[in-house]
Amino acid sequence: MTTSFMILAVLTVAGTAAAMGLRNAVHCVLALALGFAGIAMLYLQLGAQFVGFTQILVYVGAVAILAVFAIMMTHNDKSMALPDSHSAWVAGCIVAVAVFAVLARAIVSSSASAQTQPPQPAATVQQIGNALMHRFVMPLEIMGLLLTAALIGAVVIAMDRREEMK
Amino acid sequence: MSTATLAAASLNLEPANESGMDQLLEIAMGPQHPSTHGVFRMNVVLDGERVVRLKPVFGYLHRNHEKIAENETYLGSMPYTDRLDYMCPLTNNWAYALAVEKLAGIQVPERAEYLRVITGELTRLQNHTCLIGFLMQDMGASGTPLMYAFRQREIILDLFEALTGARMMCNYMRFGGCRVDLPAGWLDQAKKVVAGFPRFLDEYESLLVSNEILMDRTQDVGVLSKELAISAGISGPMARASGVDYDIRKVDHYSIYDRFAFRVPLGSHGDVYDRFMIRLLEMRESVNILQQAMRDIPEGPIVDPKTKIRGFRPKPGEAYGRIEGPKGELGFYLVSDGSPNPYRYRVRPPSLINLTILEDLCLGRNVADIVVILGSIDIVMGEVDR
Amino acid sequence: MVGEGILKGLAETARNFFGSYVSKDRLTTVQYPEQREPQIEATRDFPFLVYDGADWQQGMRCVACQICEKECPPKCIFIEKSKDKKPDAFGKMQIYPATFNIDISVCMSCQICVEVCPFDAIKMDVEYHQSSDDRFGALLLNKQRLSKSNEYYNAIHPTEASAVDAQRAEELAKLEAKAKAAAEVKAAAEAKAAADANPALNASPQQPAGDPQ
Amino acid sequence: MNLEAIKSEIEANVPGCRLELIANPSPSGQHSLLLDAEHASAVALYLRDTPNLRFDFCSNITGIDWPGKEVSQKIKVRKLVDGVEQEVEETRITTIPGSLEVVYHLYSVEKKHGPIVLRMRTKDRDAGVHLPSFTPIWRSAELQEREIFDLFGVLFDGHPDLRRLLMWDEFQDYPMRRDYVDPDDYEYEPTAHDAVLQRARQHLSQANPVQPSEGEAR
Amino acid sequence: MTHLALMTQHLDQIFVLTSHWLLSYLPIALQPLCSAILSVAAIIIAFATLFALTTLLERKGLGRMQNRYGPNRVGPCGLFQPLADGVKSLTKEDIVPIRADRAVHFMAPVLLVAASFMGYAVLPIGRNMVMVDMNAGVLFFFAIGSLMELAVFMAGWSSRSKYSLLGAMRAIAQMISYEVPLVLASVVVLMQAGSLSTVAIVNMQATYSGIWPHWFVFTPWGFAGFALFMIAATAESNRSPFDLPEGESEIIAGYYTEYSGFKFALFFLGEYIGMFATSGMAITLFLGGWSAPFSFLTWIPSYFWFFAKLLTIISVFIWIRGTLPRLRMDQLMNLAWQFMLPMTLLNLLTTGIWHFMLPGFLRWIVCSTMVIVPCILLGSGLKYKKKFQIRTYHFSQ
């Protein structure tokens, strides 16, 4: 538990908490982006450069922007109002505590916590690439195919709507 | 429905208030906008970046020029005509002088006619170069073509200054002729300028004409059909770009244009590129006319000696005189009741009437196209709002 | 081939870039306060009043006829006539402007006042350094600030001024000749009268006949 | 193109229309045809579409204001004055109603001839200022008719979008009419010898008794 | 080693040596931190100066292209013009629209500048002159680049102005679209170099056969990659002719319409710094980074070469800006998806073929054909679809 870890942890938690608590949806997304960035830096602190940078590239650069677009396309002033009812808050808190408890229990009881100093993983990009290209080449290709199909499908749907509008 | 629209709608930024249009974005382009060529405003309703509706709003520069002229003597309106289309004062002077000459039946001496043709065609040159510069500026060409145009315009304005005493507010024509004769050496200087002009046009063309981005931005943008052009009273290069074969210099045989051999370029698509090209080609023809005029200019008086400067009172009646201005048909309609002031003084502003079809040209196009289309129409707000 | 036109355009700007270092035609900028463009003779901006001789009040050509005031399209001239008279350049007694103001913030430099003036009294100046932060004091030119000598006029518009001077000299000569003739006639009459030994005692002083108009 | 011939041709082809040839005494010789409002559109369509005329280019549209004139006449009237019937001379003022006139200059792009000048007059200058719009026939009339509506107050029936063009929408009067009086409360530009300044100052002092501020008092 | 060689080597390493010398006076515990601060400060100073210089260069260059002098009043030859501009923007009133989201409105320019400066962490400016030699350096660079989109969105959204929003939407659409070809164009280098580390990539190129260096740009795929990378970089940094997001004549100033004073200057700074960073990356990937163009010029310090290359690229940017009109949004997108993307993908294939073919003349011919032919085909396809051409006109008699 170094100081830098503390700072990053606080940053991440604060970001995600703000993402839940803020009233303006765009602010929420911006706070979430901060949370993502914090997580990315935690990865970096653990020496996982590739994962960290990918986290920034994908989550901050793409997912946050996507979320912003989604908000802009769907929401209007009416849906902005948060549920004010007390019971919803209480229910939310209970669920959150329950999930936390389960996770905490799992972590505490796992063998990983027994290790005082985890060995520094020495995964270079090259190793990741090798792993993806040799051992995990099938899953990778399937994922790629799936995403391509989704992409083409999205384009087709968009084209259909364009023609409808004409 | 594009993202920008929806985003704007979600921001609740004063959406268009008509029913069914609340998903659209209404923006006011102007009166303070870099490419409205003055204080002009377009209320544009956008679907994404596509124009759904466009309503021009005029009058920011309105000073009731016509009313001022009705309280002014005939001569007193002459300097005010400079300020109509301040890019080309000499053609404004000419059109007004022509109308008054028709009203009062004044003959213009031959040398004065030559002077008018020379100054008028020089005006056309500088107007067209600047217009192309402005058009490129609207297209985002960071000022380079505009600067070249202005460099060339400066030379022509120097000629104007040497002749009329002012660069822009020339106040040069008089009823029955022109105010002053050519100063010594002016003609040689002008010949040099005109001789150098084709070289400038060559440079301009190699910079612009074959540029792919320019062609992509202008071809098939803002297409104006021949029928609509005639019906909407579109005149000048803009009409000719739509294939309307109508040049008042050829049709009305006014002044001495019959003596010069020149051709009238015609477009076949009626888009922005054609308007741009027609102006380039017209400049070449103007250079032709200028060379002939400066070769043939005779000696003689420059003003009809019978006309008086003071106490000019035409007999009751009316007259409509028009010329082929650089921007289109520039006409003056005058009604005289025998007093020193015109009873009714009307300017037919080509800029304003050419704007009639702005919405038709812009509908369904992009925001970026609006500015290009507006730029290709060639307006000067001094004339539009009068 | 795509890109050909773009390359042509790039070549053109490059040509202008280097051309601006070598060719004076391309780089026409005049560095204003240090360098000035040569004065073009026909240039005009605001009107001024011409006076002959050394004293601006004595030599003022303007006779406060108010034609320019009436003809001025934006009505920027304001004239008040004097109560008394003073001799003009031709020796005729004329009224003169007691006040002559031109509001150059209204003036549009159309020079119609110059064209309508029958006395060649108002001409166009070339002085363009008129900007000031005093809206009312500096831009309302009074008689004194408007008055400039004929030599100054000759310096700024030599061709025009020499033509005006020649015309005025001609008129003056004509007048003098007329006066001389009249004086001769008078002298002859006087001589005749003297010869008749009947001197005309109540001969009125000779006025120069004829208006320069 | 002989205007007389055109006139008789129109009269023959547009039944019921009343045309009047108005001579123009000036050397320009641009005589005009006065149309009646009911048949104006039919005449305009005829002029536009007839193959030998083809006036397809409506170049210029002008509004002219002809204010009513007051003519005073002295008439002798019998009247009871102090119980006695006497013949008294009285001035009676008769008003000749004015009208707003719209002038059209038509050209033909196809035949390259013209101009032919058409005019229309409103009944009076107050209520009967209706004239048919030519915008459906020539698009070029759109902005010009709006301008005439704006500055003269002629109402063009059938105009698709008759709003003020140059003045702002809330503006009340019609500035190009001869009897228009300048308002004296506009933003004046104070100049040294300006009547406007006087008027504005007067207006301001009437509107609020406190003296105008230093800048205005100049 | 001769005396001269030693001297040139010292000159080359002068900054590194100075830094080591300075740090040696500090306690060991503080050394890493101070080293980082020192290099960050050096980079900020160097590139902020370069920014100032570039604005001057740009205005002067544009001026000369447009037949005028450009700024020449402040200081000798207008050298202090950037300084005057800086003072001006500092002293200007900072206007925030009344409906604006103040916090986000403030954070947007800060984030933009911060993100654009972070990219320099992995750029080798000279031999041994790189802040952090990460083994995923290139990835880091692009990850940081994606932060700029967020900043742009924040600026456009928080201003609550329609023009800002339109500009932001244009900018984001453009940046996302061109990020794909940008990354794909650089992948060819990674394939060839087999590393994501910028230092390794440069070191690979800093070798010579004869006098010629082994820059990647001197191969068919490298040249195509470089051209594609530069086009995408122009679009990424919103330079003319891809300056639609701030298309002055259309949407005033795009997403920073509602910014004024120093915040406006920050946007300006961020944009230029971003442009230098992308150009620096192009140099690193394709133009051999800090390596000299000829083997006999290696005695000139390495950082000089880096900045010389950077200035050359900037000059080309300026030149293009002075010449070309702006594209339209749909044309921009068409270029990205119909030309850039297929070309980058084909280039990947070409690189693969290059890798597996034996060195020789045949390899050159095959790979050049693989690059040139699709380029012409796609280009004329774009042209054909739009049917634009130089027209001829007739005259009425």
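Before moving on, here are some points about what is shown:
A, B, C, D and E are the chain letters, set down in written order, and residue numbers restart from 1 in every chain.
In this section, a contact is a pair of C-beta atoms (placed from the backbone, for glycine too) under 8 Å apart; a residue touches a chain by one contact, two chains touch by 3 or more.
All values derive from a computational prediction rather than experimental measurement.
Counting steps between touching chains, the shortest path from subunit D to subunit E takes 2.
In terms of the distance between Cα centroids, subunit A is separated most widely from C.
For chain pairs B-D and B-C, the one joined by more C-beta pairs in contact is B-D. Once CA atoms are averaged chain by chain and compared with the all-protein CA average, the nearest chain turns out to be B.
In whole angstrom, the spacing between the mean C-alpha positions of subunit A and subunit E is 29. For the pair subunit C and subunit D, the distance between mean C-alpha positions equals 43 Å. Here the spacing of subunit A and subunit C, counted between their Cα centres, is 83 Å. Once the centre of each chain is set as its mean CA position, subunit C and subunit E turn out to be 63 Å apart. The set of subunit B residues touching two or more other chains comprises 3, 7, 144, 148, 151, 207, 209-215, 245. Along subunit D, no residue makes contact with two or more other chains.
In subunit C, the residues that reach two or more other chains under the touch definition are 2-3, 6, 9, 12-13, 16, 26, 28. Put simply, subunit E touches subunit C in their complex at residues 61, 64-69, 319-320, 322-324, 376, 379-380, 382-383. The part of subunit C that touches subunit B in the complex is made up of residues 2-6, 8-9, 11-13, 15-16, 26, 28, 40-44, 67, 71, 73, 108-112, 115-116, 124, 159.
For subunit E in complex with subunit B, the residues that touch the partner chain are 62, 65-68, 157, 160, 162-163, 165-166, 169-170, 173, 240-241, 243-244, 247-252, 321-331, 383, 386-391, 393-397.
Across the complex, subunit C meets subunit E through its residues 1-3, 6, 9-10, 12-14, 16-17, 19-21, 26-29, 31. Chain contact summary for the complex, subunit A toward subunit E: residues 24, 26-27, 30, 33, 49-50, 53-54, 56-57, 60-62, 64-65, 68, 124-126.
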